[in-house]
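Reviewing the structure listed below.
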Amino acid sequence: MIADDRPTLGIGMVGYAFMGRVHSQAWRSVGAFFDLPVRPVMAALGGRSKEATTAAARDLGWAAAETDWRDLIARDDVQVVDICTPGDSHAEIAIAALAAGKHVICEKPLANSVAEAEAMAAAARAAAGRGVHAMVAFNYRRVPAVALARRWVAEGRLGRLHHVRAQYLQDWIADPAFPLVWRLQRERAGSGALGDIGAHVIDTAQFITGELLEGVSALTETFVKERPLAGASAGLSATGATAPADGTADGAAGGTAGGAAGGTVDGAVATGAVDVDDAALFIGRFSGGALGSFEATRFATGRKNALRIEVNGSKGSLAFDFEAMNELWFHDHTLPAAEAGFRRVIVTEAEHPYAAAWWPPGHGLGYEHTFTHEIKDFVEAVAAGVAPAPSFADGLRVQRVLAAVEASAADGSRFTPVEES
Amino acid sequence: MIADDRPTLGIGMVGYAFMGRVHSQAWRSVGAFFDLPVRPVMAALGGRSKEATTAAARDLGWAAAETDWRDLIARDDVQVVDICTPGDSHAEIAIAALAAGKHVICEKPLANSVAEAEAMAAAARAAAGRGVHAMVAFNYRRVPAVALARRWVAEGRLGRLHHVRAQYLQDWIADPAFPLVWRLQRERAGSGALGDIGAHVIDTAQFITGELLEGVSALTETFVKERPLAGASAGLSATGATAPADGTADGAAGGTAGGAAGGTVDGAVATGAVDVDDAALFIGRFSGGALGSFEATRFATGRKNALRIEVNGSKGSLAFDFEAMNELWFHDHTLPAAEAGFRRVIVTEAEHPYAAAWWPPGHGLGYEHTFTHEIKDFVEAVAAGVAPAPSFADGLRVQRVLAAVEASAADGSRFTPVEES
Amino acid sequence: MIADDRPTLGIGMVGYAFMGRVHSQAWRSVGAFFDLPVRPVMAALGGRSKEATTAAARDLGWAAAETDWRDLIARDDVQVVDICTPGDSHAEIAIAALAAGKHVICEKPLANSVAEAEAMAAAARAAAGRGVHAMVAFNYRRVPAVALARRWVAEGRLGRLHHVRAQYLQDWIADPAFPLVWRLQRERAGSGALGDIGAHVIDTAQFITGELLEGVSALTETFVKERPLAGASAGLSATGATAPADGTADGAAGGTAGGAAGGTVDGAVATGAVDVDDAALFIGRFSGGALGSFEATRFATGRKNALRIEVNGSKGSLAFDFEAMNELWFHDHTLPAAEAGFRRVIVTEAEHPYAAAWWPPGHGLGYEHTFTHEIKDFVEAVAAGVAPAPSFADGLRVQRVLAAVEASAADGSRFTPVEES
Amino acid sequence: MIADDRPTLGIGMVGYAFMGRVHSQAWRSVGAFFDLPVRPVMAALGGRSKEATTAAARDLGWAAAETDWRDLIARDDVQVVDICTPGDSHAEIAIAALAAGKHVICEKPLANSVAEAEAMAAAARAAAGRGVHAMVAFNYRRVPAVALARRWVAEGRLGRLHHVRAQYLQDWIADPAFPLVWRLQRERAGSGALGDIGAHVIDTAQFITGELLEGVSALTETFVKERPLAGASAGLSATGATAPADGTADGAAGGTAGGAAGGTVDGAVATGAVDVDDAALFIGRFSGGALGSFEATRFATGRKNALRIEVNGSKGSLAFDFEAMNELWFHDHTLPAAEAGFRRVIVTEAEHPYAAAWWPPGHGLGYEHTFTHEIKDFVEAVAAGVAPAPSFADGLRVQRVLAAVEASAADGSRFTPVEES
């Protein structure tokens, strides 16, 4: 290897399924595109099975494998812990890592409950006092088009905001025969579409507008109340690559319809109850006075990963759909009506967020780049000793919105204020 | 004129602004494209001003002018009364016309209150027993793409319905300087965006799905609470052609931002309070189990007349946007995933609803054709002695949804059942 | 009827199939939307069959029927002759009408040959000296979006023009079993896709750019060289409504695949040779230096009536597709790259060409409105005593382009200058 | 590092600008997503400047740097030579590498002349006899949507092909002040838009259709004939990231408008002649009977990297635009007309080419992935001892099309057969 006189930053990652794979690609690539002040080193990967973790480490480019996350945290060559496990283990790992003086990136949703998220946010606050930083991985903020939307709203180009129309639409469990994977189990996932993808669109909406959701009125529904049990092997063997979810967690990314034949008991298909939401709808009010309409569902047939948001302000509007992630649609309402209209800005110009690092105009980026950008921002913040964003407090705020949605749905859709921190 | 041995059907229309102009075009055109069992005759037009009504009658092709709608109803050569006035006069005119044995077409919303709508529905029910028929003019049902959507849902091509995502977005009052026209006054208009355009999208959603909205949770907002008074002349002089509304009512269609300088008192601009909603959002449940998300607003900058609806079912999805009214997007979820996707069906094939009467494939229709279709269906029903649809009862049902939305919004967004008739 | 003190303008129309139907709708509607200086009167309709012509006149609103076009021209109550027949009769009728002192609107292409077109243009030139005017009916110039495109190019908003990319794509004869209707016969139609739809896109391109095509290099092809003969009845009985063509001519508009069972001789299907082009492609140079790429075909499966044109200039670009006729896409290249992009202008604002006469923003127009606009412009020009556009000379210019295309295709695609008049 | 018992495959790459950066990313990533039979090792990078090449090697992940490509070829740890230089050096390097028994990947266009390409193809043919393989890097074949298009055409889903409509539109030199970078110099680049991007779209069209272009009729144009000389530093210092080209060659990727202040002589801006085409248009015939229309330009303002292709066949049509690279539009003409239409297939399903290796449905890929796929296919072929595609013979065929285009343009657009090999 050619000498590199920058200091190194050792990374330890926990989990290697869908999220672990995409985080690995980001760690592997970030240094070739961004001129970082430190050199990230992919030091060690944590998992449960020795064999599987070692194989994953080899394939994904990690120098070592650990089968206990406590050992991973304890390694001297690890300064950053990247948590890619399901939500039920986030709090324990993150708090321990911060306590050990390791910076933390944690996948979203921050936790499976407000209480856990509060504990994590408190730990992060305490660690920050010691120069140890934490970030929650809402990667969609790092879509160049989303970052550009944020920039334009912040610059006042939309004027006073009136409407936010936000949806996250998928269709991977529309088939009632799709099995009861961990994402459909409250114990593991916390909630259903709400926490998995609703959390993303809530964060994205708050990020773009720079406003907070102050209260919500909600409906949730479980369309398919009973599903075949996932086969014994479905959990870990399902490859992240084909998991039809925007899942975040390693060790259990989704499972696939094809591979996930339900368990069979005496010839009958064994089924289990789905105890999370299939869809969540809510309307709400933002701190700046805008109205918001939100929807998260895994039953929108034909919509694969449609994180969509439209913002209407007095001076203009913006529209985005992740299915065409390199485009941001902008209506400039200050132009004469005869020449105004939504314009398709291809967000690949050198002046666009993150874009100068990549390819010439019109040569678009993909899903994984959002993680590369996230990690670039994280590394730069950590190296500079400043707090990366979004913080655990931001993650907690999203968690409180999720809780308000569930509370409203459980209380006749009554308008429910989001608890302040 | 060349002899025509069909019986005639004399039409009397009240109102000649935006809705009156488009209804006139429909009456004028329908016979050239559809082979009707009777020949509609544009007998007389009703308005308040002798001069203006006469001029309108001449320009729009009506044989006579009346300045009292009672006289219009009483004419022997009038068998159909077509009501194109604002909502506050619908009940009185419609009930009188039905009592006089005249068939009635009435613009939407049926009335400005549930009570009025109930009286109208009762009158229509009674009249039907005497062979006299009434229809409420939800013209968007007659967009070929919307009628096709209804057909496909009814045929079961979407399977079980899970989601309805419906919006009616306009932007014509986003400017706070836009004056206080009648559509922004509760006394005349009943409500704001909710009744004007929300009514349309509610009817469209119920029509396409064949399901009823059973309950709603709502938020409404008036973003601009005080507006310049419309100049003395703004009401009637504003030409319907430039009125930036989907308004329905004659004698006062909207007014324009440009022409509508506010009244001035001692040099200061006189203003008045806006007492209707600028926007209404609600979520709800359909009778068949689907969840619905609705939004009606006149503040969605860049959206001109975006009546949009997407329906997701277990076997497929449909999407429509009136701004591209000749297109229906269909996702067939029964196809292999590798070749499925939303397809753009250009609804101009001879097999499509209404389309065979017009032009070859790809030669699209416009807004006014929805009225031509509506009148064609009405004339055929009346000639056949059967009830046209949507009935006044259907209009009442929409009115009850509007009332539930307002009740929910006034009660902390609590889920509010739609009252059954 | 209510008194109207404007002078009348009597119209006599020849032909009542597809083009006759759409022209009738325009004559019927124009006065209700545009404030014309004269009142058009639909005086008489000309056709060959007494019975059919009378029925058409009744249905389409013409006051009388004539079975010889010479008689129609001779009528005292006819001041305008509107020619909606196939191209092989244009010259004779138009020249006679002009000689008789009648203004003429003639469907496109102006004629089936350059020689005929020259004779017509000469007759028009002579008539103009007597205050008698002629126009060729390139209706697509009157799409509001196309007229807006012309306006913006003329204003210099595109800067120096570099590229014109123009296509007219249909698919109605892709099926080899589609019969040999008159549009596929050189004797009647002059040419195939080239003259029928290629003529439109040539005129549209020259109109928008304000430049002339100076020379072309071309390929033409007849993919299906032999087709079933159209049944005896296919010619006249095929209704224009379902004819899948942008046909212009009456008495035989297209025929339909369904209705057009081929003639049968002794049990075998009788076939005939197709002696026109199925598709024509050419590249060329415009007078201002732009390069042009053109394509006209009836074999572009899935494209129904896609008259498309994109123009790229140094300061901006425009794109249009008739399948979304209410939209004009505009890229303003003078904006900073970071915020530029093609914007979708919905061409329904009061400031847009023709739009103020119709409905509020977002309430789109349809195919037939292009004819209403055309007739409005024609009537205004005739009433003002000025020459309407496009003139027969313009029609001749298009004819010369068509001739150059055919000449190039016949001569090894050699670059062939368009003959100057 | 964790042990990996697969054999290694040592890579030596020449050039490190735009193409070198993207190839590096592909070599770096391919093993983490595809289960390769060998382990690629990024052994050495070749460039001219010691310092710059070493820095690039460090940033891009190459283990060593060489300043003479002959030394790179000679290294024992190099089994593959990846050529990312401008076209004028391709022949010399490739032929030497093949002679040395090294497999070769060479960027496109294969060479700057037919003669060079012939020599390269001959060398590749000879090497293949010794088990040494060569591939030309037409990366757009490896867009999943393009590969899917090829699959569907090969399966006969489009029936008989009638039309190919292909464009490659960019706008990065529309500004006359953009300097005379190497891509605008015949000596370095061979030709202008034609060879740079026209080559891509020719290959893509032949790949998708499985047919060869047999002859063409062409026009080329240089709109801006004189440009400022690029500053002394413009060549190598311009970063590939911002080079607004689809360029392929290292050592000189494009230069940017901003950074490229023209050279100044005595206060005046020194200019030079542009001796390549700014745009090339041609029409042609495919071996299977389809007509083709092609356009390559860098003056299509607003189009950033619009490699577009539409194919119309008797049974269906396909449309693709690289600016929305994850979508393939498919019209199935065998469906009933009433439900047919172009459908947007998001090419991210596990069943789609290459897609299973990446992310769940709807999580799109970017530009660089096409190179990862290309290298994956190359490595698999080399490991299996079979010839990778496209071969140098395929590259030569494209070169012959380019030559025919230039010959036709120089000979009055005469139809010019493409020479057979």
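Residue numbering begins at 1 within each chain, and the chains themselves are lettered A, B, C and D in the order written.
One rule holds for everything that comes next: contacts are C-beta pairs under 8 Å (C-beta built on N, C-alpha and C of every residue); 3 or more make two chains touch, one makes a residue touch a chain.
Going by UniProt, the chains are A, B, C, D = Predicted dehydrogenase.
The structure presented is a predicted model; accordingly, all values stated were derived computationally and were not measured.
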| item | value |
| --- | --- |
| Contacts common to chain A and chain B (chain labels) | C, D |
| Chain pair, A-D or A-C, that carries the greater number of C-beta contacts | A-D |
| Centroid spacing, where centroids are CA-atom means, of chain A and chain C in whole angstrom | 54 |
| Cα-centroid distance, chain A relative to chain D, in whole angstrom | 34 |
| Sequence positions of chain C contacting 2 or more other chains | 303, 331, 340-342, 346, 361 |
| Contact set on chain D toward chain A in their complex | 1-4, 18, 21-22, 24-25, 28-29, 31-33, 54, 57-65, 170, 172, 241-247, 254, 256, 303-306, 322-327, 346, 348, 350, 356-369 |
| Sites on chain B touched by chain A in the complex | 162-163, 165, 167, 169, 171, 174-176, 217-219, 221, 223, 279, 281-285, 289, 291, 293, 295, 297, 299-303, 310, 312-317, 331, 333, 340-342, 408, 412-415 |
| Residue ranges of chain A touching chain C (in the complex, touch as defined) | 148, 330-331, 336-346, 349, 351-352, 361 |
